[in-house]
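A quick write-up on the structure given underneath.
When the chains are written out, they are named A, B, C and D in that same order, and each has its own residue count from 1.
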Amino acid sequence: MIALLKDKPRLHNIIADSDTPEGKAFDIAVMIAITISLLVAFVESMPAVEGRFKFILTVLEYVLTFFFTIEYALRIYSSPEPKKEALSLFCIIDLMAIMPLYLSFIPCLSSTRYFFILRVFRLIRIFRVLRLFSFINEGYLLLQSIKMSIRKIAVYFLFVIILVTILGTIMFMVEGGQEGTQFTDIGTSIYWAIVTLTTVGYGDITPVTMVGRFLSGIIMILGYTIIAVPTGIVSATMIDETKKKGVGGRCPRCRQKTDLKANYCKHCGEKL
Amino acid sequence: MIALLKDKPRLHNIIADSDTPEGKAFDIAVMIAITISLLVAFVESMPAVEGRFKFILTVLEYVLTFFFTIEYALRIYSSPEPKKEALSLFCIIDLMAIMPLYLSFIPCLSSTRYFFILRVFRLIRIFRVLRLFSFINEGYLLLQSIKMSIRKIAVYFLFVIILVTILGTIMFMVEGGQEGTQFTDIGTSIYWAIVTLTTVGYGDITPVTMVGRFLSGIIMILGYTIIAVPTGIVSATMIDETKKKGVGGRCPRCRQKTDLKANYCKHCGEKL
Amino acid sequence: MIALLKDKPRLHNIIADSDTPEGKAFDIAVMIAITISLLVAFVESMPAVEGRFKFILTVLEYVLTFFFTIEYALRIYSSPEPKKEALSLFCIIDLMAIMPLYLSFIPCLSSTRYFFILRVFRLIRIFRVLRLFSFINEGYLLLQSIKMSIRKIAVYFLFVIILVTILGTIMFMVEGGQEGTQFTDIGTSIYWAIVTLTTVGYGDITPVTMVGRFLSGIIMILGYTIIAVPTGIVSATMIDETKKKGVGGRCPRCRQKTDLKANYCKHCGEKL
Amino acid sequence: MIALLKDKPRLHNIIADSDTPEGKAFDIAVMIAITISLLVAFVESMPAVEGRFKFILTVLEYVLTFFFTIEYALRIYSSPEPKKEALSLFCIIDLMAIMPLYLSFIPCLSSTRYFFILRVFRLIRIFRVLRLFSFINEGYLLLQSIKMSIRKIAVYFLFVIILVTILGTIMFMVEGGQEGTQFTDIGTSIYWAIVTLTTVGYGDITPVTMVGRFLSGIIMILGYTIIAVPTGIVSATMIDETKKKGVGGRCPRCRQKTDLKANYCKHCGEKL
């Protein structure tokens, strides 16, 4: 164990890669720990159930926090670039996920005054689920393709905002003044327009007048066409970019599989 | 300031283009003004909140109307073709958006009799949101591609109208005569058919009889296939046309970026 | 008028084609008559409104039935192949749409005993809306492409039926025995599965137990993927077939526009 | 009859293939038996109706079970590889579907104690519907293409799980502490996120606060884009793989139609 702590490269290999049997075992252990951690958070959020299992939940949380603290420390300790590692997305999430328990030991924070804030803060543990992304190659590519098309998504978002603002306002004009209407204000009407155009259709707000239903019928059919187009465009571009980047992650020279985050091929040194 | 008023081309450049730092600053100022104007309209529509902020809302509206009036006047004044500019879509929206406040000063219009009409009329301010389209290249292309495929959309619209009329009538035949049915008349049944075929599915009108549920199950599965096809065709054509026009807006001769609304390339004079 | 009645080919040209100004005018007259006929049927289905407009609705129906009877007679009379024409889809719809009024004159049928049957029968008038298909080229192609892929749709339909039967049964196993469940029987559970898989989601039947929600969550995500594939395949094939047939309807030899229902090109005689 | 029992290859041909008129007739008989079996199970699940038709339902079930028992026995008896056949998916389903009736004869199992278990167990009969898959070529291909892309679906599944966990948690943070909220715990919030992202939108859980509606509006629009991409990718890959395998199932050498499950072309012996 102590030998391993001294052999930084090997430790880093176990923690960061999954090439070796040890690395794979470590990965699976982390995945199981994350899953249990999620289940604990789910159960804790149910007041009825939480009371019954309070003891085991508390124990599990202490154990898991201990495990993730060790893992966090080892990851930064073994990293060739500790500072860069500490500022990576997954390390920040990890730190935020283990902090709440330690913060609850500070007396002034555990008072009832900060109880609600702490409760919300502890939910950040659930964001650990994001680390599962690192276990799937396609997941990383997806995140990257989203990052690359962020401008396209922003434009699309603005387009939809304009559309739903106009449609929501028109529906508010038609249904707003009616008796017993659910279109009480423009914000609600715009919320209705979003729910309708994305075809989610909760049904918590629905038109009741003849004119309102006639109009929303037209909105649905037209909107279905108009919103399908930018969604199609954004999706098509994102798929294109994913393809260009190469889902397989193969080196263009030696055709061997490369690491996704690598800048150079680890087999022939080709720049990727 | 007065020097600027005399230099019409430069003024026009600031207002209509966003190439210069001044033009960009002006654009951002307009965007912020539109956003605030929208928020004011949203808050005003909520009776509970409006009472509390009545003063600040009134002040904001006066300031914004003043700003948009100046902007409207300058835009038309600085334009090389004032008449054409005044009849452009965005100028008409602008005029309609600033009019309500001025109209409310006319005593006979501010009477309670016309109160409701004026209230609805003032909502036109929200249509200012359409001006945001001019800030996104893709938005302009989208509007144009919609304009180009207007006939295709009309055909598709007619197709869906025929489909939902038939399906709505069939459901009315089956469910209409039942006790406690929500399919009270054919109009409502057609509204249900639209809500169902577009997969919005509010659930405000649902079949309750066995036969009705059986039939609507078939309608959903078949309709899902049949409506997916024309939607796919319309979307595919619109994406095609957008591609042909070129999203990049590059000149086919010199390959440099061109203005979207330009008829000639501003770099080499090539007709676009 | 009588001269026109004797000139069968010209009469046929006016009724069946829309090349000549007269033919176009006739088409528009028919479209207006269909639209009014639909509106009359819609209003008649609303008991509250129908009482008030009873007189005008009755008059309109008599006039429209008279118009459609004349049109029906002329179409068959002027057709080069009256028998084939009489058995065409649109003529059958037309006959069924004008029959109910004449049937109501027969004393024994207008008794209260047959009242409900007659009321349902009269709704067939609404099926006149199908004739609007003949006014749009794409509509005709669509109908044909649907007719061509009828086997594919049948297979897809069977696939969805199998899927929803299994999913509905599983949900009935999980939620069926619970207190206050909405999954009262397997038929209802399958109806729920259809509503869920097509993403319509009325919300009239929803899972309430933990296990039921967990399961239906998985069903939604998996089903979303699995049902998207056959829908995509069917749509893709139908678009392909539409393309092959040619949306433009041009002759492969002389490249001129041909009539959609023509078997030979009217410009060069090429077999289509 | 006895001659047929001795002619194993011919018997196998009738049961397993549908090339001969006898084989086709047998297939249709099985399809009808499955359909009736499903209808019996549907009606049995409705307590109100079941009482009235108890006798005929019991008779039908005995007859069908007898039929499927004979069919099951013959299929295994006539198979060239009885052991492999007995372990095939469809034979296992069949065995599970006929077992419940025989089990109900065992006295200790038919007691009220095991009544509920037996009731659930008997629903397995409905899984017979899966056998219909074997009657459609495309159905078999679909199942195989799903089997081939199982890893892709798993990755996509994990991606959606991560997404809805995060979105559900955020909504629970915002709406969870409110009075009269429907977001009672994280599990429920994640269920809401799934219902929303897949655009099913039951409406059994909806945001009521301003912030919650604002947030869920953003989730819908963004999620609509983000979830459309992986769905598109998975579907595209599955369609690709189906195409590669060849929907027609033709031999690459002699271009003649081959059996779907064949490893060698039955016309020229080419390995497929």
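Quick note on the criterion: a contact is a pair of C-beta atoms (placed from the backbone, for glycine too) under 8 Å apart; a residue touches a chain by one contact, two chains touch by 3 or more.
Keep in mind it's a predicted model, so treat the numbers as computed, not measured.
Enquirer: Please state, in steps, how far chain C lies from chain A along the shortest route of touching chains.
Expert: 1
Enquirer: Answer with same or different: of all residue numbers used at the interface between chain B and chain C, are over half used by both copies?
Expert: Chain B vs chain C: different; shared/all numbers falls short of half.
Enquirer: Looking at C-alpha means, what's the farthest chain from chain A?
Expert: With centres defined by C-alpha atoms, farthest from chain A sits C.
Enquirer: To test your reading of the model: what rotation angle superimposes chain A on chain D by C-alpha positions, in degrees to the nearest 5?
Expert: Superposing the C-alpha atoms of chain A on chain D needs a rotation of 90 degrees.
Enquirer: Could you give the separation in Å between the centres of chain A and chain B, each centre being the mean of its C-alpha atoms?
Expert: One centre to the other, that is 31 Å.
Enquirer: Find every residue in chain C that makes contact with two or more other chains and list them.
Expert: In chain C, 161, 187, 199-203 touch at least two other chains.
Enquirer: Looking at which chains touch which, would you call it a line, ring, star, complete or other?
Expert: complete
Enquirer: Which residues of chain A touch chain B in the complex?
Expert: 152, 155, 158-159, 161-162, 165-166, 169, 172-173, 176-177, 184-187, 196, 199-203, 206, 210, 213-214, 216-217, 220-222, 224-226, 228-230, 232-233, 236
Enquirer: Which positions of chain C touch chain B when the two form their complex?
Expert: Those residues of chain C that touch chain B are 38, 41-42, 45-46, 116, 120, 123, 126-127, 129-130, 132-133, 136, 138-139, 142, 145-146, 153, 156-157, 160-161, 164, 187-188, 190-191, 194-195, 198-204, 231, 234-235, 238-239, 242.
Enquirer: Quick check on the complex: what are the chain C residues that touch chain A?
Expert: 199-203
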